[in-house]
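In the part that follows, the structures are each spelled out as structure tokens.
First chain A sits with chain B, and in the next complex the same chain sits with chain C.
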Partner chain A sequence: MNFEVIREYLPLYQEAAVLTVKLGVLGIIFALLIGLACALVQYYKVPVIRRIVAAYIEISRNTPLMIQLFFIYYGLPKIGIRTSPEVCGVAGLAFLGGSYMAEAFRSGLNSVEAIQTESAFSLGMNRVQAFFYVILPQAAATSMPPVVANVIFLLKETSIFSAVSLMDLMFTAKDLMGIYHDTTECLFLLVVFYLIILLPVSILGSLLERRLRYAGFGA
Partner chain B sequence: MKKHNLCKAVTVLSFSLALTLGASFLAMADEKAIYRTLDEIKESGVINIGVFSDKYPFGYVDENGDYQGYDVYFAERIGADLGVEINYVSTEAANRVEYLETGKVDIILANFTVTADRAEKVDFALPYMNVALGVVSPEGRVIESLEDLGEKDRMIVISGTTAEIYLTENNPEVRLQKYDTYANAKNALENGNGVAWANDNTEVIAFAIQNPGYVVGIPELGSQDTIAPAVTKGNESLLSWLNDEIVSLGEENFFHADYEATLLEIYGADYEDTLVVEGGKTAE
Partner chain C sequence: MGKEDIEDIKEEGQQDGGQAMLSVEHLVKRFGTETILDDISFRVNPGEVLVIVGPSGCGKSTLLRCINALEDVQGGKILLNGLPVAEGGRKSPSVGTKIGMVFQSYDLFPHLNVIDNITLAPCKVLKKKRFLVEAEARELLKRVGLEGKEKSYPRELSGGQKQRVAIVRAMCMHPEILLLDEITAALDPEMVREVLEVVLDLARQGMTMLIVTHEMSFARAIATKVMMISDGHVVEEGTPEEFFTAPKTARARQFLNTFTYESVR
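On to the complex of A and B.
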């Protein structure tokens, strides 16, 4: 292990880490929004759109991110839609993550017993109130563990961004290894940087899960 | 609760660090025993050769799923002369050194340009091909010198190639768009993700011949280099066998035959003498 080399590579890894986090976070935010929208469509059984959502979820969950990125980055330009690698990375993550998040939210929503809604109505709440004050808080609690797992999963999935020429952590490591061949140092830095990004997320996630562990009351 | 989590995090972190460190030291300690000697290869009956699967016409997979190309033609002969089966291992440009260092392959025959940096990590045998860098761009806007590149223009390169290294070291002002495979880089050029593609000139010439609408605006960039087989550092028995093999193949003009079988169709006869290195002897 040559620490001189490590010091030299640090700025490059930092740059890559910033890109990884930036695109990862953006992708995850969009994934959460898409997921929530899809889950609501399924929960309230909105006609027609429900079928489209179901099809999207199946397509998105049953194709690898690599293929989705290839499609967006190399496929769409053939029909005139050209995107930058960054947009493509975020879109890919959102497309993949949306379905996973949808399933996580759906499981949460479905776990809230019908009697809760009925009770809310009998207390004089309307549908919106019942959703925001009764259903959502309980659903969020149940959804939290899978949502956190998805967030970590999506952050890790950024490691295949090299397919669309994004200099994320993984590609930076591979690239440096290809030029200077300091494999040990490059891989060491790679592990360290992923841990720096992912460990706080995982710790924050478990804290959040504990905070929200009030669902199931009265179920 | 907070404390507990912190403890957990610290434990996990230190454990992972220990694991990485341990693994890397293990790798260092093991370095000497990683390659297989000539005798061990013969005994096992199989030689592992790293080649490209997407670098037409040097190393590629044809429609029947067989490896073909100038490098593969040579690899076939190595297998025959050693009397062993060949196990082709598909490699990316950036993996070539690691594949040797970790013993995944016995020989790299993936159009590997000899450079001083690489020679510190692997042992190159005698060369069998000449190469320089070249730049191909679309007809609509031909890049004839690096000065033609605007501030926002991006040059496509493949990670781990001499083109990337050359531009990184000599022209850091050129903005690079890096791809990990040949297939992706070609696709990106066609989609206009970069204004031009820098790579071995053999490769970009082949691309321009195959794809109407593209022109090799810069046929030679940087210095003339050679391409040679490489073995794991220190694998002397295999290295000297390879060198003897290349010298003796020179007597039968093997690499000219190789050119005629694999490259003639694409490049025509004009490039034969510039490209082929026979018997390991370069012009200079």
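On to the complex of A and C.
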């Protein structure tokens, strides 16, 4: 391993890592919002819209991110919508992640028994109060493990951004390898940077899970 | 709804002279095509304890759920102090907190400890000051023998303790009427008494209640009136003395016989 090479490439990787994290975080935030909205539509069985949501979830879960990205990147300009690769990356991640987050939130909401809502109503709470004080805290505890797993999954999926010529970590590694053939160093840096991004998320996630579980249910 | 409509309903609710707190008139409840409650009518006056008995599956829970506006009804009226309990399929806001209910299955909020379970609704719904509600809650917990359990979570309590907390939680909303649906049915026998004592205590304080129970000696002790439902109809209604010692209908006699055993010797 040539540390001279590593020192030389480091700034390029740093730049790529910042881009990866930035787009990844944005994509995940939108995925969480889409997921929550979809889960609520399904939980409260909103007519018509829930069918659209169900179709979206099936499409999103059963097609690869690569193909979703190509659709957005090459398809949208065809119908007159011009976007940048960055927007495509975020949109692709949000489109894919939305359905995964929806399933995570839905499993949480469904785990709360109907009697909980009825008790809340019996105590005079309205729907909104019942949701925020009774249903959501219980659902959040159940949803947390799959949500954390999805965050990690989506951060890893960002490695596909290079397909729409975004200069993310993967793109940088492939680019440098193609030009200079320093395969070992390039791959080493790639792994290290992904670990730097993912390990803290993973650790934070399990801490959060434990906090929610213990604080929430008094074990 | 205009003021005049409300006056109209009030008058109807107070027909034949009584100032009924709760009045159920010609209630019909169906699930799909199956009629569960068919033309049920009765009154509950302030301070009365009406015990509802009947075979399993006859619609006792459904009746309480209708009164608490947890179910939509297909016919008839349910009025509390002359006002309909439901409006557009939901519990009407004016009635909202005046009906309290405790269920058979444990229904405490598992993510909140005992004191938070009790204070949540008074603070958020009635907008009361937390320290005031908490003081009241502690007082009531002490009264039902749960002093020191304030910080416990539901999963750390026995079934009997959970039901006592549930009663205190309902009472802290100061309901005008309390609905109890077989609140001891899921309990081990030795815990039944500690919960029923609390209910007896409420009755002594004059609490208006509608109680569904299979504990016949408790029913006899607490009821001011007993009503038996079977096949969707009220088959018999009377004082506990009348009902338990001299039931008028064959159906009621048959039902009461299921609680006694003939000696084999």
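Points to keep in mind about this one:
Throughout what follows, the second predicted complex is superposed on the first by the 213 of 219 C-alpha atoms of A that agree within 3 Å, B and C clash if a C-alpha of one lies under 4 Å from a C-alpha of the other, contacts with A are read in each partner's own complex, and residues count from 1 in each chain.
In the analysis below, a contact is a pair of C-beta atoms (placed from the backbone, for glycine too) under 8 Å apart; a residue touches a chain by one contact, two chains touch by 3 or more.
What you see is a predicted model; the values in this text were computed from it and never measured.
Number of chain A residues touched is higher for B, counting chain B against chain C. With both structures placed on the common chain, the touch criterion links A:129 to chain C but leaves chain B unconnected. Of the two partner chains placed by superposition, A:60 touches none, neither chain B nor chain C. In the superposition on chain A, no contact is made by A:150 with either chain B or chain C. By the document's definition of touching, of the two partners only chain C reaches A:137; chain B does not.
In the superposed pair of complexes, A:20 makes contact with neither chain B nor chain C. In the superposition on chain A, contact is made by A:121 with chain C only, not with chain B.
Shared contact residues of chain A with chain B and chain C: none.
Listing the residues of chain A that touch chain C in their complex gives 115-116, 118-125, 129, 133-134, 137-138, 141, 216-219.
On the side of chain A, the complex with chain B involves touching residues 1, 73-74, 77-78, 82, 85, 162-163, 165, 167, 171, 174-175, 177-181, 183-184, 187-188, 191-192, 195, 199, 203, 206-207, 210.
Per the touch definition, chain B reaches chain A in the complex via residues 1-2, 5-6, 8-9, 12-13, 16-17, 20-21, 24-25, 27-28, 93-98, 101, 117-118, 120-121, 159-161, 164-165, 168, 177-180, 184, 187-188, 191-193. The residues of chain C lying in touch with chain A in their complex are 68-70, 91, 96-97, 99-101, 103, 105, 107-111, 113, 120-121, 124-126, 152-153, 155-156, 169-170, 173.
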